[in-house]
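Take a look at the structure set out below.
Letters A, B, C and D mark the chains as written, and numbering starts fresh at 1 in each.
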Amino acid sequence: MLDKDYTFQLKFQVRDYECDMQGVVNHSVYQNYLEHTRHEYLKSVGLDFVRMNEEGIIPHVVRVEIDYKLPLISGDEFISCLNVQLESKIRIVFYQDIYRLSDEKLVTKGVVTGVCLVNGRPRLPESIADLLKK
Amino acid sequence: MLDKDYTFQLKFQVRDYECDMQGVVNHSVYQNYLEHTRHEYLKSVGLDFVRMNEEGIIPHVVRVEIDYKLPLISGDEFISCLNVQLESKIRIVFYQDIYRLSDEKLVTKGVVTGVCLVNGRPRLPESIADLLKK
Amino acid sequence: MLDKDYTFQLKFQVRDYECDMQGVVNHSVYQNYLEHTRHEYLKSVGLDFVRMNEEGIIPHVVRVEIDYKLPLISGDEFISCLNVQLESKIRIVFYQDIYRLSDEKLVTKGVVTGVCLVNGRPRLPESIADLLKK
Amino acid sequence: MLDKDYTFQLKFQVRDYECDMQGVVNHSVYQNYLEHTRHEYLKSVGLDFVRMNEEGIIPHVVRVEIDYKLPLISGDEFISCLNVQLESKIRIVFYQDIYRLSDEKLVTKGVVTGVCLVNGRPRLPESIADLLKK
């Protein structure tokens, strides 16, 4: 993992089916990487995405910003890094940076905002907020 | 199509494989919709994405912002709308809104910034700029 | 549509994000085309995939065979054709051929076998079997 | 890895974006798993998929058979196993089985046939055949 100040880091490797006709990872695929990183982070603090949904706590993304700095290509390994911040009583903001492993250069910079719906209304249960604050 | 002020509109229908375990279109899939809309728009003004790449004109996305207002679900039809603006000598900005067809409600609001690389350097050939200004 | 003997036909167009680094539609994407065709066919006879799942009737694929004859490339339009046969009390077999629209050449030949689970056990409700026999 | 007789094994973990509205990995995604496994296997014997394409040796899939025995769900870890056989002067057949890691149960059984095109004609260069026979 990288010697950088993040709450959570996850290593990936590009798979060829993720590359498009330009020979680089299609820009939409980074959202898959970011989502998987968030879900693994949630698991690491004790929150299971599937179970939350079953319990009627429906987390979903309301805004995504991604800056694409460098393309990833076939075979590239990379580290997906995450910090999290509660930015109001209901908004969770994930700061998600991806670095190419070979030279630790920044590949993409993402800011993803999520909210939870509980019984159809935006609400962040305190038990969840506590786990994210650690 | 919708009676709204856009340069280009394209009709889609949600396909079930685009929906995730929450039963809604996965948020990454909207980038596929937006990309397909841009490429079809480019074709409509005489620009072929594949041919541009073959000629060494490599368009690529440098920034994406998407606000998710409403989820699309299985079977939904929607209209993907686009306006385009040149925001410097090299940056093309696409304003891309998606509306659910049934009630014309705004589903997502996207702002996608692209640049072209020509021989590896950022440059927007004038012939292309002219087509986008129309 | 094509002047061929199929129960159901659906027109598609290749989207650039479906193409891989070889510049052709990735072979996994054809399963998406085939699935969407089956679900639209089901809708056309009055069966909604989502509603079936909600009612505890869980259709799923148990076997897929696909022969890849010709590659589809960027911009290609194609017709996805389907015949269906009940091959036992519980197995539904879909014969699914894809033709390139420009020259009506056969692109892929698929045979997809599905079964339904009702309360976790393989069973094809008669009301569904009747709709598929028409 | 599993104590089974395969030439190559690769460990994966299901990512939530690969699951569909039924809460299981969509059946098309297994083709992505199988492709990534083949490409990693090729790399392990010294064959790079990207470089082969650049050198005009175009490997592609001509037939896929997959039997779906058990569904993978969110969080599942699995081992994708591969054997390879040359079945004529030009056909390479990959026998690809996927096992759930938790109980080593067989999840899918795939048979994928590939051929190489060299200058547009089916031909398997001897240097490649030799690497696959080992």
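We adopt the following convention: a contact is a pair of C-beta atoms (placed from the backbone, for glycine too) under 8 Å apart; a residue touches a chain by one contact, two chains touch by 3 or more.
These figures come from a predicted structure and were not determined experimentally.
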{"item": "Pair of chains joined by more contacts [C-beta pairs], A-C or C-D", "value": "C-D"}
{"item": "Approximate Å spacing (C-alpha centroids) for the pair subunit A, subunit D", "value": "28"}
{"item": "Where subunit A and subunit C are represented by their mean Cα positions, the distance between them in whole Å", "value": "33"}
{"item": "Geometric centre distance via CA averages, subunit D-subunit C, whole Å", "value": "23"}
{"item": "Contacts with two or more other chains, residues of subunit B listed in rising order", "value": "16-17, 21-23, 26, 28, 32, 35, 50, 74"}
{"item": "Graph class of chain-chain contacts, one of line, ring, star, complete, other", "value": "complete"}
{"item": "Residues of subunit B touching subunit D in the complex", "value": "16-17, 19-23, 26, 28, 74"}
{"item": "Complex contacts: residues of subunit C adjacent to subunit D", "value": "21-22, 24, 26-29, 31-32, 35, 50, 53, 58, 60-68, 71"}
{"item": "In the complex with subunit D, residue positions of subunit A that touch it", "value": "15-17, 23, 32, 35-36, 39, 43, 48-50, 73-75"}
